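For clarity, chains are labelled A, B, C and D in written order, and residue numbers in each chain start from 1.
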Amino acid sequence: MENYLNRYQEIRRTTESICEPLEIEDYVSQPIEDVSPPKWHLAHTTWFFETFLLKEFATHYKEFHPKYAYLFNSYYVSAGERMLRPNRGNMTRPTVEDIYKYRKYVDDAVFELLGGFISDEMKEILEIGFNHEQQHQELLFYDIKYILGHNPLFPVYDKGFEEYFPEDFKHDWIQINKGNYKIGFDGKGFSFDNEHNKHEVHLEGAKISNKLITNAEYAEFIEDKGYDNHEFWHSDARSWLDESQIKAPLYWHKIDNQWHYYTLAGLRPINEAAPLMHISFYEAYAFAEWKGMRLPTEFEWETASNLFDWGKRWEHTASAYLPYPGYKKPAGAIGEYNGKFMVNQMVLRGASRATSKNHSRKTYRNFFHPHLQWHFSGIRLAKDL
Amino acid sequence: MENYLNRYQEIRRTTESICEPLEIEDYVSQPIEDVSPPKWHLAHTTWFFETFLLKEFATHYKEFHPKYAYLFNSYYVSAGERMLRPNRGNMTRPTVEDIYKYRKYVDDAVFELLGGFISDEMKEILEIGFNHEQQHQELLFYDIKYILGHNPLFPVYDKGFEEYFPEDFKHDWIQINKGNYKIGFDGKGFSFDNEHNKHEVHLEGAKISNKLITNAEYAEFIEDKGYDNHEFWHSDARSWLDESQIKAPLYWHKIDNQWHYYTLAGLRPINEAAPLMHISFYEAYAFAEWKGMRLPTEFEWETASNLFDWGKRWEHTASAYLPYPGYKKPAGAIGEYNGKFMVNQMVLRGASRATSKNHSRKTYRNFFHPHLQWHFSGIRLAKDL
Amino acid sequence: MENYLNRYQEIRRTTESICEPLEIEDYVSQPIEDVSPPKWHLAHTTWFFETFLLKEFATHYKEFHPKYAYLFNSYYVSAGERMLRPNRGNMTRPTVEDIYKYRKYVDDAVFELLGGFISDEMKEILEIGFNHEQQHQELLFYDIKYILGHNPLFPVYDKGFEEYFPEDFKHDWIQINKGNYKIGFDGKGFSFDNEHNKHEVHLEGAKISNKLITNAEYAEFIEDKGYDNHEFWHSDARSWLDESQIKAPLYWHKIDNQWHYYTLAGLRPINEAAPLMHISFYEAYAFAEWKGMRLPTEFEWETASNLFDWGKRWEHTASAYLPYPGYKKPAGAIGEYNGKFMVNQMVLRGASRATSKNHSRKTYRNFFHPHLQWHFSGIRLAKDL
Amino acid sequence: MENYLNRYQEIRRTTESICEPLEIEDYVSQPIEDVSPPKWHLAHTTWFFETFLLKEFATHYKEFHPKYAYLFNSYYVSAGERMLRPNRGNMTRPTVEDIYKYRKYVDDAVFELLGGFISDEMKEILEIGFNHEQQHQELLFYDIKYILGHNPLFPVYDKGFEEYFPEDFKHDWIQINKGNYKIGFDGKGFSFDNEHNKHEVHLEGAKISNKLITNAEYAEFIEDKGYDNHEFWHSDARSWLDESQIKAPLYWHKIDNQWHYYTLAGLRPINEAAPLMHISFYEAYAFAEWKGMRLPTEFEWETASNLFDWGKRWEHTASAYLPYPGYKKPAGAIGEYNGKFMVNQMVLRGASRATSKNHSRKTYRNFFHPHLQWHFSGIRLAKDL
């Protein structure tokens, strides 16, 4: 925990290693607003350390380029003017090489800074910077998959990259008894503001599955015209289906009457026994309705999480992303991190194949708008007692 | 409670009396998708009784017109094909007179039916039909206000219609202690499925204001550039502000440097002491942030509601509209009533000047998308202990 | 020509008689931006006389209502601020009755004014006002048909209103020889600025059909998959087909495998022998391509027009709407009448069932954007020598 | 003219040399639908020779990649299914290197083919292919400029690339007398179908300026609030101005109260004496109105073109892009080249700094939608006699 220099190096190296299989062209594109160009991620995470660490604490630090703050600020409105998000994919300059130079320049300055005294304030920024970059590591996987997976050539990112692992144990239901439970983080180590305060929640009791829904089960839902039967879907979900003409999980293609999906290891027939991935909250909800069950709340999930295996893909919950009691957003630009997203989004719990190991904690609250499919998301069902 | 015939007559008459001040032209327009033409409300509530009561239980009932089911079904997808919502305002026929004939025809058939034996199934439909029509009575006020209030002539609906009543008592904070509380309906009389099951909720404790925010207080927020200061707003709210260019509550106009608002009694200077109305959830949240406080959750609101005065306008809460534990949606078309809206919307509690008296119960859950302003909505603040 | 008072009365009466079969509700709706509510036409033509005649020449004239200028100005930007066009259908007030009062008020003032000396300037305004109102008479037919024809009840406007007259004479080709011809207006009586200057045009020679394309011929084009065969269509037309999903003329419906169309006399099977109506320029062009022919230019049309029968529907030409040599737009607001539309539109020649008789002249240039279908438009083919 | 192999080599080399200053990242982006990624141009021009020459005439030719036809077909609908245009910028693969390999592969096959007998059919395809690639050479300049010129870093493409040359001769008016003139191509060498047939046109006579409008003159128009004065603009142009918020030519920036523009040699103060560039037809028309003059028609331009200096930028004309008398589009996919664009576009005459020298002929008809600014376009005024 304490060796900041090593951790800094390790995290920065990891980000770059994720991009290693890319061609320069792959770094540039922003096919939809939600997907950022990989080179943007590389630069933005660097900008974060430059802005909040070096400019604040490194005496005599000279910024790498006067316009990079404008180019690579994302949503930290307090930290100054920024380029509008949909334009990221149009910025062919700075080049990938320039951005790697930028990373090197900032890394060198951070190394020097971390060689000296590290104040508590600096530690706080470092922790957030580490976790921030790790979150972007995960987004890099999503965005790279989106960019390559929407190319008619279906390029392979890494032949050995396995996304789908069957859960080969017996299905069972885990019981949560009616009662009050503690929810939220108060352990040691880093946590995000949205995991606080630790507080009490009353649960009426439920059963939660020890296994995730498989590709075969979801294919059955499709087969049964699940996408066409309005009664399973939210009203907003129907509008989304009408507009998007979506009829299957993202990356699924029916070829010669057999479902295939694009994975980072290439296009291949679906693994029927493996847990489903790339469905939106809307689809997860509709599937549960079709089954006559429901999604667990994030509180049920957290409460029971010690009793089932999780961590290979994010799991949709029935909970809207809202502040916990006593939630306070930090002052300043850092305070924009989580609070401003607490409307119109749903919570996912768990972790994915692409998540940094130290983010795998049962109190971690991930969140996305309910129509998005490009994250590594799956379904675990629950039912009332 | 039991005299269904009298209740039916009274409710149907009330709907028509709301429309009495209208000119025929006012019945036709649908200025935005959310606002339905008044004649549509008159017909749709009639279609409800025709479809779910008469066609099911009145032997030999002959429908009034073969195409009305298509024209006046709203979102009951199970009940058959329906006209797309945005086209309602283009349907100049049937005329208002035709629709009043339709109402008369259906009323006559219902009178006859209610003269005979009323089964439990029929009672259930009648209760829903009554409450359904009363909800549309409230929507009629919203929609009529929108139609007239967006006309440059600012027509008066009813000179005596008072929307704004100052709360002339002392401000105080009501304390809710940490503990478990019962939430939801289990009394006698009608309630909606979304108020069930009655269940236990743990609250961490809070203070909730005994008064609503006034127009003067909100004008101060505007004056203080509250709309421009990004830190008070959700990320989605900022996109909404950018697109809509909204800078004040709906119906507010600055004339000769003085805030005015359109009311159903006409355009007039704002009453500074009266509670604020016509702000979206986004604005309510931003105002609370500006004050350094927050909105109450719907559970806090319900728990403390016996201790403050409410019922003259809906109050924004910090709660997303989600099912209660054990929620079951009824089978069939009636089951579409509430459940399918349980995503992307926020709960409002209380009642408004336009709400039927029998809807004024502390467990009633109203809900709207967070950007909407046209309902009679206000702000009550809360804060942590 | 000279009795202005009689002409004024007759024209104003005609406008109102067109609206006579309408229900009040029909006056209000604006189903698409191009279609104005009938009550708007009634008021706008009145505003024209109030603004350009009464306010200029009637001493002591007091305007009927201070906000009507804002409400009923259309595109005369010079004449002051105006309501945005898409909002016309949301203005339920002033009522139809108010607008008839407005007409009466202005008519009375005009009668008084025309009882005195009529200056040349006044005469000029009167002529434009007459022709302007007559153009709106034609638009009233289009807009009323659109409003009623998009209603699932297909209301009848006038049982005796015949739109389709077969041309029962032999088909032939009229030859235009290579040579220079005079184009444009220089006769007596009223003409629009866009018909000037009379000028010489060289034509290479062509043959032009003496008959219009019939419904049967167009049905054959549809049958032959004409809408799906990209090679007949402009590139912009294909985008329009993709977006609009148009597959037939406006108002055509296939019912029990038989083409029907809505006419102002109601829904009925198409008259196969009658000339086609309600196709856009894009469709007219594609049809001609399918036939291996082309549309005539407006110059060919005008040159040959004495030799064929025309006047029952507007005829698409191959000419873009551009100024004639020496074209000068008049000074002031009146100058906005035609010139500003001279881009992106195509010329139609002839006249329709709905055109005022005195507009039926061979030099009259009508114009619409190439995707519009709601005017009474047909196809006459031409081919090279 | 006859040495096809040399010409092929020269043209293909030129295309590549235009891309030489680019970074790999610059090849990928499609900032707006009209701007294609440079790598797309490189591949599409190659696909043209592969599809229409090699696949037709080279026995045993094996296509380079089975999916490239889908990826790099543009609007030749007859030539098969194609990727939708707005997706070009999302295709990060094939890489730039792959595309250069594709060029090499096709070039080698073409070399081999051209070593043998060259039939007349082949010659026709070769001519079109050469001219097609040269048109894309010009588009490459436009698109590269757009991509770099919208980057906040304003990268330099080529320090020595001069776009603006003052015309340092005396201003004068060239008179065109009333009379009949021959228009269109019938010389030797290549010409496009849209330049045919050569035909006679009658002109009423005009004066046409021997000089182009300068940046200083246009700056004066801006200064005089030309963009705000509705009377200079077409109705469609005003909608365009409202939506786009355009207030100056493309690439113009006011920095420290001085107009600058981005050029391919970098950002610099405008050269006041140099001819204006990067204005749309709408702006050219409005400027002419402001001056009390007009744009020349394409016929006036062609007629007088021997008497003035032209060729450094395209010149807006008052003519809509329409077929000449007797126009026939060629059969097959090649026939889609020009005809389908003959609606909603305006003709430009001349040539630009980016035009292949052999395209500089007085009969060449260039065409764009009237709102586009990204081509190298300027203004020459005309007036009536």
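Here is the rule we go by: a residue touches a chain if its C-beta (ideal position, glycine included) is under 8 Å from a C-beta of that chain, and two chains touch if they have at least 3 such contacts.
Going by UniProt, the chains are A, B, C, D = Ergothioneine biosynthesis protein EgtB.
These numbers were taken from a predicted model, which means no experiment stands behind them.
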Neighbouring chains shared between subunit B and subunit C, ordered by label: none
CA centroid of subunit C to CA centroid of subunit D, Å: 36
Geometric centre distance via CA averages, subunit D-subunit A, whole Å: 44
Mean-CA-position distance for subunit D and subunit B (Å): 57
Overlap residues in subunit D, where contacts from two or more other chains coincide: none
Chain contact graph, described as a line, ring, star, complete graph or other shape: ring
Contact set on subunit D toward subunit A in their complex: 23-29, 31, 39, 67, 70-71, 83, 87, 89-96, 147-148, 150-153, 155
Complex contact set, residues of subunit B against subunit A: 75, 77-78, 180, 197, 199-204, 230-231, 233-237, 281-282, 285, 318-320, 322-323, 325-326, 335-336, 340-344, 346, 370, 384
